[in-house]
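Shared chain: subunit A. Partners: subunit B in the first complex, subunit C in the second.
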Partner chain A sequence: MSGAGRIAAGALATAAAGPAIAALVPPGVLLSLLAQACIYAILALSVGVLARQNGMVSFGHAAMFGAGAYLAGIGLGAPGLLPAEAALPLAVLAVAAVCFGLGLIVVRVHGIAFAMLTLALGQACFEAANKARGVTGGADGLTVALPREIFGLPAATFQWAEGMFLIAWLAMVALAALAALLARSRFGLLTEAIRENEERARFLGYGTVLPRAAVFALSGGIAAAGGVLYVLYNGFVSPETVHWSVSGSALIMALLGGTRTVWGPLAGAAVYFLLREQLVEVTERWLGLLGILLVLVMVFLPDGLSGLPRRLRRQRGAEA
Partner chain B sequence: MTIQILNGLVYGSLLLVLAAGLALIYGLRRVVNFGHGAFYMLGAYAGYTAAQAGGFWAGLAASAVVLALFGAVLDRLVFRALQDRDPLVTVIVTFGLLLVIEDAVQWIWGTEGRSMDAPALLAGSVALGGDAFPVYRLAVIAMAAGLTAALLAWLHRSRAGLFVRAASLDPAITAVQGVNTDAVAMLVTALGAALAGVSGVIAAPFLSLSPAMGGQILVDCFVVVVVGGLGSLGGAALAALLLGQVQVLGAVLLPDIAALIPFLTMAAVLLWRPTGLAGKRL
Partner chain C sequence: MSAPALSARGLARHYGGVAALRGVDLDLVPGEIRGLIGPNGAGKSTLVDVLSGRAPGSGGSVRLFGQDITGLGPAARRHAGLARSFQRTSIFPALPVGAQLDLAARRVGATDAPRLLDELDLARLAAVPAEQTAYGDQRRLDLALALVGPPRVLLLDEPAAGLTAEESLALADRLRELARARGVTVLLVEHDMEVVFRICERITVLELGAILAEGTPQEIRRHPEVVRAYLGSAAA
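Here is the complex of A and B:
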């Protein structure tokens, strides 16, 4: 089977697992947690795409996530202006477009400086969300009332754990499949070549800023899609959603899972939420333990959990 | 207005001491310590506990010692072990440490805010142009100026300081000359951490203590070292004092956009003058 076929088959199989999980998991807190986990997994996916294709570590992706949530919330709050069916995709496209413009500038910054820049820009967005009371509701947040129907589905579907879990699961699988297909396209290979050696890629005659900016835009769009689902599910968004601790959590999920593969961050999100669920029951010290786990993974498994199979294969190969 | 400018100077002084530690560590280890804000917070709490037993100055000394030890261990176990890896890996490890420290502080001291008294010697206020201004804040400016002067004298007048400057310029060549650069780096990381701890205690009497106190100031420190130039103390000093003024005066004159100015400046500097205003030299 060709690579694209394998991705399609994997995506379909994973998508089909969604309803099975929804049927097996008793409705209630756990399913609601799974819905939230899928939404944050989309954010982690967006962080992973940027790390995988551009080699850039972002400490500010909550800004795109929050921007998607706020724009969708504002769009839904003005139903006379735009139907919800237009407002939601527009929120995603607007964030992606802004990220493309921003990307043309910020992709020139590399390594640690980029990490610091994203942290600062993310914090600037947090400040802006707090300050612009007229648009965002300031620190009180924005409460969003959904219209009666969106895309033919009753509003309650989006705020009901099982409904949102299925929607977020399918969105997550579709976005990951899109990212995987893109990664193995000519465009994806070009961005990887630039990541490995930008000067050499330029020497071969490729422009390097545009492809990197396009990846930044794609990553921003994916994060915004997560934000749109977030505001649909919670009916509320506040500056806390844009805070850098959210960016940090998304980065941790992506790194725990590993960013060499497209699906790594999704696995990382699953581990993150499962661990949190288990640990919160026994100890209040969950964040500290997460920090220790992050340090251990970065030191001993720099490719994350999704790099484990490859690592084991290589080890077995070395022994044989 | 005088009061506002002085307040800006107070915050700028605090940032200066913190950013100096950040720049020192970067100079030797080429790693930006994302845990620096957490060190500052840990220092404040350690100083708070020691101050309850022995007063403010004991708190200041205890915080310096505890954080210096912490920095030395960090350098030995993390920075040295990871020096051949991608610097981003080490950066993320320091981010992990930030989570561990924040959680440990909540564990030990709880989440409610605490306050610490200024030493009796520096209590009260003086009249400045008709307004009352706390003596302690003037002392903060003096303490920061003293620490910076001592640091500069050490870097430029002592033998160890010479090694530090050489090693941050070119570690390999310095090592070839017979300098134990690992020991120098350990010393510098300990010093940088101690400076963070000391600034935490200095800040405690006028900014209250909370586990979240490190996050905001970390971002401001990043702005300072990026604008001033990583590894440049003079540039960091200039940037810290400017940022202090922007934070305070901006909040008075341009309340709507003041909060965004530092970030935009940082982005602009990173793009058009990546070595910072003062270049990269220490």
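Here is the complex of A and C:
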């Protein structure tokens, strides 16, 4: 089977597991938690795509996530202007387009400077969301009333834990498959080459800014898709969604799971949410415990939890 | 008379108040392998950097087969037919060897990547990430990335650096065969005089950012200023 065939088969099998999980988990808090975990896994996936393909660490992806949520919320709040079926994809495309334009500038900056730049841009968006009361509702946030039906589904489906879990699960699997196909494509190979040695890529005749900006745009679009699901589920978005701490959480999820594989950030998000739920019961200082776990993973598994199988294979190979 | 393959006129490069290149004139005849030698700090790598577009010149011009490429960046120069390798191995460590060659070939519409893999004894490593190969393999991969196409002019900055004497001579012989078979003009910066005298038809000697001498290997060996400034006992 070809690489693309394997990805498609894996995606279909994983997608099929969604209804099984929904059937096994009792409805209620846990299913709601899983729905949220899937939405934030999409945000972590977007951070992972940027790290994997461009070698860049972002502290500002909550801005794209929040922008997707706000734009979708504004679009849904003006049904006479746009049908919901157009407003939702347009929110994603608009964020991706802005990220592409922005990417043409910011991807020229590397390392810690890029991370700080994304932090600054993210916080600028946080301030804008706070100050633009007329559009965003300011600090009070934006309450969004969903139309009766979206894509032929009753609005309640999107705000019901089981319904949103299935929708977010399928979206997560589809976006992860897209990211995996990208990684295996010629374009993916080029962006990995640029990540590895940008100067050499230039001397092979490649422009290096456009591909990196395209990855930045794709990553922003994925984050925005997560934001769209967020506002559909919660019917509300506030500046807190754009805050840098949300970007930090997404980065922790991506690093916990590892960014060398496409599925690493998804695994990281699952571990983050499940652990958080357990630790919150034990102590108020759960974030500190999570920090210790992150340190341990970074020290003993620099490639994250998804790097564990590879490490075990190597160890077995060395022993053989 | 045909235009030189690569022609530099009055090439200068200043770092603050320090002149690394001081009005260098250089003409490469199409198809020749030219050696560029000189003591450390003579400006050899700086000259290659300015010729290849890695560093901007402070003055002067560069022409490739008569086409002015002075204002072009590295990618545009590669499309014009000018390629280079680097003093330190410059490859894509995590990518498989074969994929790297494909990537390089695709950009210039070349189909010689599989043949080049064979000719540089890299075919057996095609599926192996470059970081898992031996240093000598990485140096040959570096050369292959520059040679794919092939380019019309190739600038090589110490391709034998870090290799054993035996590996250096083998690489030099392979380089001569490949360049001749493909009609590539080569400017070779190299400290290993055995390599330079073995494959170069002409040699340019640089000292303190200016050309000290130019001639055949025999002429350079006997040039008193070159012997004093650089060759010493190696000329014997």
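Just so we're on the same page, the second predicted complex is superposed on the first by the 320 of 320 C-alpha atoms of A that agree within 3 Å, B and C clash if a C-alpha of one lies under 4 Å from a C-alpha of the other, contacts with A are read in each partner's own complex, and residues count from 1 in each chain.
Everything below uses one rule, namely that contacts are C-beta pairs under 8 Å (C-beta built on N, C-alpha and C of every residue); 3 or more make two chains touch, one makes a residue touch a chain.
None of the values given here were measured: they were computed from a predicted structure.
Student: Judging by the criteria at the top, classify the pair subunit B and subunit C on subunit A as clash or fit.
Tutor: Here subunit B and subunit C can both sit on subunit A without a clash.
Student: Under the stated touch criterion, which partner chain does A:Gly111 make contact with: subunit B (first), subunit C (second), both, or neither?
Tutor: Only subunit B; A:Gly111 stays clear of subunit C.
Student: Is A:Leu81 touching the first partner subunit B, the second partner subunit C, both, or neither of them?
Tutor: A:Leu81 contacts neither subunit B nor subunit C.
Student: Would you check which partner chain A:Ala139 touches, where first means subunit B only, second means subunit C only, and both and neither mean what they say?
Tutor: In the superposition, A:Ala139 contacts neither subunit B nor subunit C.
Student: Looking at subunit A, does subunit C or subunit B touch more of its residues?
Tutor: Counting contacted residues of subunit A, the larger count belongs to B.
Student: Would you sort A:Leu12 into first (subunit B), second (subunit C), both or neither based on which partner it touches?
Tutor: neither
Student: Which partner chains sit in contact with A:Leu204 here, subunit B, subunit C, both or neither? Use first/second/both/neither.
Tutor: In the superposition, A:Leu204 touches subunit C alone.
Student: Could you tell me if A:Leu274 is touching subunit B, subunit C, both of them or neither one (first, second, both, neither)?
Tutor: The answer is neither, since A:Leu274 touches no partner chain.
Student: Just subunit B (first), just subunit C (second), both, or neither: which does A:Leu312 touch?
Tutor: A:Leu312 contacts neither subunit B nor subunit C.
Student: Contacts for A:Glu196 in the overlay, against subunit B (first) and subunit C (second): which applies, first, second, both or neither?
Tutor: second
Student: In whole Å, what is the nearest CA distance you get between subunit B and subunit C after the fit?
Tutor: 14
Student: Where on subunit A does subunit C make contact in their complex?
Tutor: Going through subunit A, the ones touching subunit C are 186, 189-190, 192-193, 196-197, 199-207.
Student: Okay, in this complex, where on subunit A does subunit B touch?
Tutor: 57, 59, 105-106, 108-109, 111-113, 115-117, 119-121, 123-124, 127-128, 131, 244-245, 248, 251, 255, 284-292, 294-295, 298-299, 302
Student: Using the touch definition up top, name the residues of subunit C that touch subunit A in the complex.
Tutor: Against subunit A, the touching part of subunit C is residues 52, 54, 73-75, 78-79, 83-84, 86, 90-95, 99-100, 103-104, 106-108, 145-146.
Student: Going by the contact rule at the top, pick out the subunit B residues touching subunit A in the complex.
Tutor: Interface residues on the subunit B side: 31-32, 34, 81-82, 85-89, 91-93, 95-100, 102-104, 107, 215, 219, 222-223, 226, 256, 259-260, 262-264, 266-267, 270-271, 274.
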